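Take this structure first; my questions come after.
Note that the chains take the letters A, B, C, D, E and F in the order they are written out, and that residue 1 is the start of every chain.
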């Protein structure tokens, strides 16, 4: 059984590669074209913010939960951010139950840096009592169907969930924080980081690789930009290298493409 | 070696099954008959309450330890109960060292529900300072020899240990709880839950399965009743199903039998 | 490949053994002779005390870190000591990543007892506010190259790191402990425990076994003495036994040898 | 959980959310919602949002866990961290380990495991939003996912809880009824055989009340069963 | 632990519990107390209550852990949560991992492991109640359980501690003597060969005191050895 | 970390530790420092003290993890507990797991893994003292250790970070520059091929600043590359 699968996989890989050599992608897209993007916010009413993202067949839910916690000693006047990604075994035959593996950890850390370095959340607004109480923002990425490019889909979902999240109003009495029922304000979200992942396959670069492309790619580079277009996070991954030309093409393609993707995601949130 | 064991096991299973088809059990018991029950309390002087249970060849010790802890936020005026079962590898060749597996967890949760839902412990009596300090009742089930029906033996042992447990007297000064040496009162124990486990083997039902019967059984149902005879916990387990007739027979057998078992266990505690 | 290695290992073992039978050691040492000892302190400036030890080819670093913590309830007027040994996989092809295994735990506990039972650290001097704050002394043994006798090398390194460690000065205000920048005093270190490990190979005993000797040894005994020459910790290990003669020889050899080793280590620290 | 409501059942028998005692919450089942899984289903029951996936029959590693005469069934019930009021720490806790075991035992009677020797059939249930009754909803969804994966089954397994609330036996308790009610009786069955494959109870009931709850839960299962088959027909047509 | 007593040894050499310096606590050993285990023993020494079981020789998984020329011995020392004053959290801690390793090494010299190539012999010790000296008591009980399991042995292994208390060398320290004494010397031996298989010491002793403690512990082991053989004779008769 | 300094770069472009913007910290590399490892290297860069070891190619267990056509590369980046200001708890955290993954991917392009089918090549990096830039220093040291182990390579991999500090693009940021700077750009490359094998960035930079940082880091790599080859020549001579 597994032999046949291996054979099938090999034929498929060969097909993906030969098409790319002739300038075509397996699903007919241009090299700088994303798959259809669908972002729906507010899908989980138990969360303070949430979004369902479909990027082609890749599908995931992001939930934002706010909890009262203690500020870190070195940032007593700020709230805290914690990003976690669960690659649950429902989403892919190779995902295994258990604590996050290196792939899940890399994914969550790249998303975390995108949010943190763009200073998208005004963490100072999430301090409740300096040095004592603050909001901890948990961003939980729950992958449901893995068809490639989890990086970009996860950041889209996280940003959409955060941009639409609500912070409960609180009262502080005798150093105890009381949440006021049914009173909330929007989460102070002030930027809109977007990442674009570029796959390098032989000497070609292309955006938003689907799973079949990820399997044959040599290396990838994820570039996260903020609303101004500045770069706020970069991550090269996978076991190949980026020669100068591929690096420059990838960087330019990513920075350029991010503007369009940001518009698309924003439009979907506002609709 | 393991081949011979498998063969032996198969012959044994066949024997157990053919006898049941003719209305007999491998150890000569009636279908509604328990194995001999022996309950000895006060066997561990380091514990606040304890019991050694022998149910046929099944053997286990339950120890109750009381510790001063903090009440749960949603029950600030109550003590807490924690039931844990250790299937230590000494008790059975298939038990493995390590954290409780699904069998140990199911066992402890079924016992926990029996104690909790019968409201056998007056948890309000175990509050020390509302919202601040309370007694946490640890019930630790330590299985020594596994010859079947751990569910009923574990609840018997837990109830016997709790019914004879002593709570240290305390003094509270400056929000510190001080235990007074050598002064105790009985644990507020006010009901006497008993479970009866019924095994379904083909279309027969029988109580208190020994290990050889557990190996051939299709499914089991554990019914826990309180002193009034009300049902306070039920658990169907194992990979078979209960058709209507077997379900009704099992339920009736269990409820009826529990009265007798309760008398037996009580008598042993008081002796 | 592993076959050849096994064969090589067997030949080597045979060689080590036959030499010992004729009164010689594989590296030419006398039975009561240590390998060259090199101890360099202050190698890690981020630590409060540190030492690099080379014992022949065995190589390890010990770092001492001080952290403000809470005294144990039964010693409210004392600081605390925590010894940890990491057998990182860099040091030996058989060491595996993960939490300390039984070998690492035994190593750290034998070192811990040597320091603790000789009362080398004046723990009362490390109390900051009785029952509230104290210094916790972390001794971390990081093995870099394992060529035998980790016990003695680890204690040498720990003692050297502790003997040269500095305690930050603190101020206590409103029950908060503030560390004063750049003001320190020497760690109150008042004894100088040294262990000598004796290997028993057939009916011979020899000190400071190298790895090749450890592989063929039947059993070992580590004897830790304090500066007065009293015994403060002993540990027999490995799967052989000590008959009376071997035991007595080993004990005498260890106690005698420890004086010389203590002088050697002290001299290196002071230089 | 907010304050306890004064009464959970009105005098005319109406429940907090307007349902009659023997009425299910709104139910929606969709088969085949994931690309990668061999079979999948999405289910909403009231505010519960649950997704189930099946992988298999597939190779089982390590080999010594294989069964020469049948498939090994594995079941993992998991709650997303954002699915409940207080964020749930990722990873299995004692509750979810027990539910996973019982759910596996609730589905196994319905599967022809002997058709797939030496393989594993993996069933995954993710609770995206929880509102009481998730273990039953998970079994219901998983059963549709198994059918969607083409696994041979004797019957679908349908599951729902009954409960005792303010002294009444009610079907499919929601959040408040579960939290403040007197007893909860989750049940799964193979409707074609009228055979119970999961049964739990905790709380306080007379023997007759318990039997009544079992009867009511079985009645609910039959309604759910209809919706399961509809979901499969919508995808596969037929019948 | 309660307050420290003013003195642990009276002027006439009598100890807190009335024993003489070279006297053991009351000892009771019973062989063959469990049905499932291949061999077992129950031991009481003072308030210590210990049960030991042996499984094996049996198959060892995974295969690459098998030894072609001998059995692999595994030993697990475990304290029941209720065995000590403060409830012990279940699972191994650093202390019990060290004790398990040393106990294995204390028993292995006595076993003909080469008779059982490629197998595992598993030894489990459960401390049901602890009162100082549990590691030695566990080895003593395990040794009887090994014999009860029919494992071929060169000799039984007997174990007991000596200690230094108020300046005296005493046999088999109990709780207070262990807690407030100056040194503890657990020792195991094969009495037939007068050979030490476990030896630890912590505290403070001159070399001579240490030797004296070793002598005393060995003397104690010989008494224990007699009780071990009696327990086996009670079960198996003979000799 | 102590108080933030008022400015990190003086008006004349000099940095806190007296370096020019494009200047590395003092660098020292030594090949072959361990006896047991198949290859090893010790590296100091400023106050960073790093040791790397390579074991392999060697057998890989369990077998199903072997690759029929190439070696499996494993990389473990680990910080000693005493290597940083606050004692680091032993064991991997999320940061070190990510670094281990990226470091493996930074070295793998340089290795002829196809020469060693079915084996494992294990690379271990221990940070004994940390002062910013440890992931790059670890890759640099590991690359020398790989060569010392005789593993066939297309090129050495050299690594160093660039950063943005007070608006300036600087090479090899030290502790304060990393902590208070505006961006950090760790980079690894195969100098012979001018090809990037690790690249990360976090902070805030225009696209041009980022390109400039990449250029500067590459320049730094070439200096490091020279030192790597010198270290190997000191041990092996030649060239």
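Quick notes on this one:
Just so it is clear, contacts are C-beta pairs under 8 Å (C-beta built on N, C-alpha and C of every residue); 3 or more make two chains touch, one makes a residue touch a chain.
From a predicted model like this one, the values you see are computed outputs, not experimental measurements.
Placing every chain at the mean of its C-alpha atoms, the farthest one from chain B is found to be F. Comparing the centres of all chains, each the average of its CA atoms, the largest separation from chain E belongs to A.
One inter-chain figure worth recording: chain A and chain F are separated by 27 Å, centre to centre, where each centre is the mean of the chain's CA atoms.
The distance from the centre of chain C to the centre of chain F, with each centre set as the mean of the Cα atoms, comes to 31 Å.
Averaged C-alpha coordinates give centres for chain E and chain F that are 51 Å from one another. The set of chain F residues that touch two or more partner chains comprises 62.
Chain C has residues 100 in contact with two or more other chains.
Chain C contributes residues 1-2, 43-47, 50, 57, 59, 61, 63-65, 67, 84, 86, 88-93, 97, 99-100, 138, 140, 142, 144-147, 181 to its touches with chain F in the complex. Chain D makes touch with chain A in their complex at residues 2, 34-37, 40, 47, 49, 51-53, 55, 58-59, 76, 78, 80-87, 90-92, 122, 124-126, 128-130.
Across the interface of their complex, chain E is touched by residues 74, 100, 102-103, 105-106, 108-109, 113, 116-118, 219, 221, 226, 229-244, 247, 251, 255 of chain C.
Residue ranges on chain E touching chain C, taken from their complex, read 1, 94-95, 97-98, 100-102, 104-105, 108-109, 185, 189-190, 193-207, 210-211, 214.
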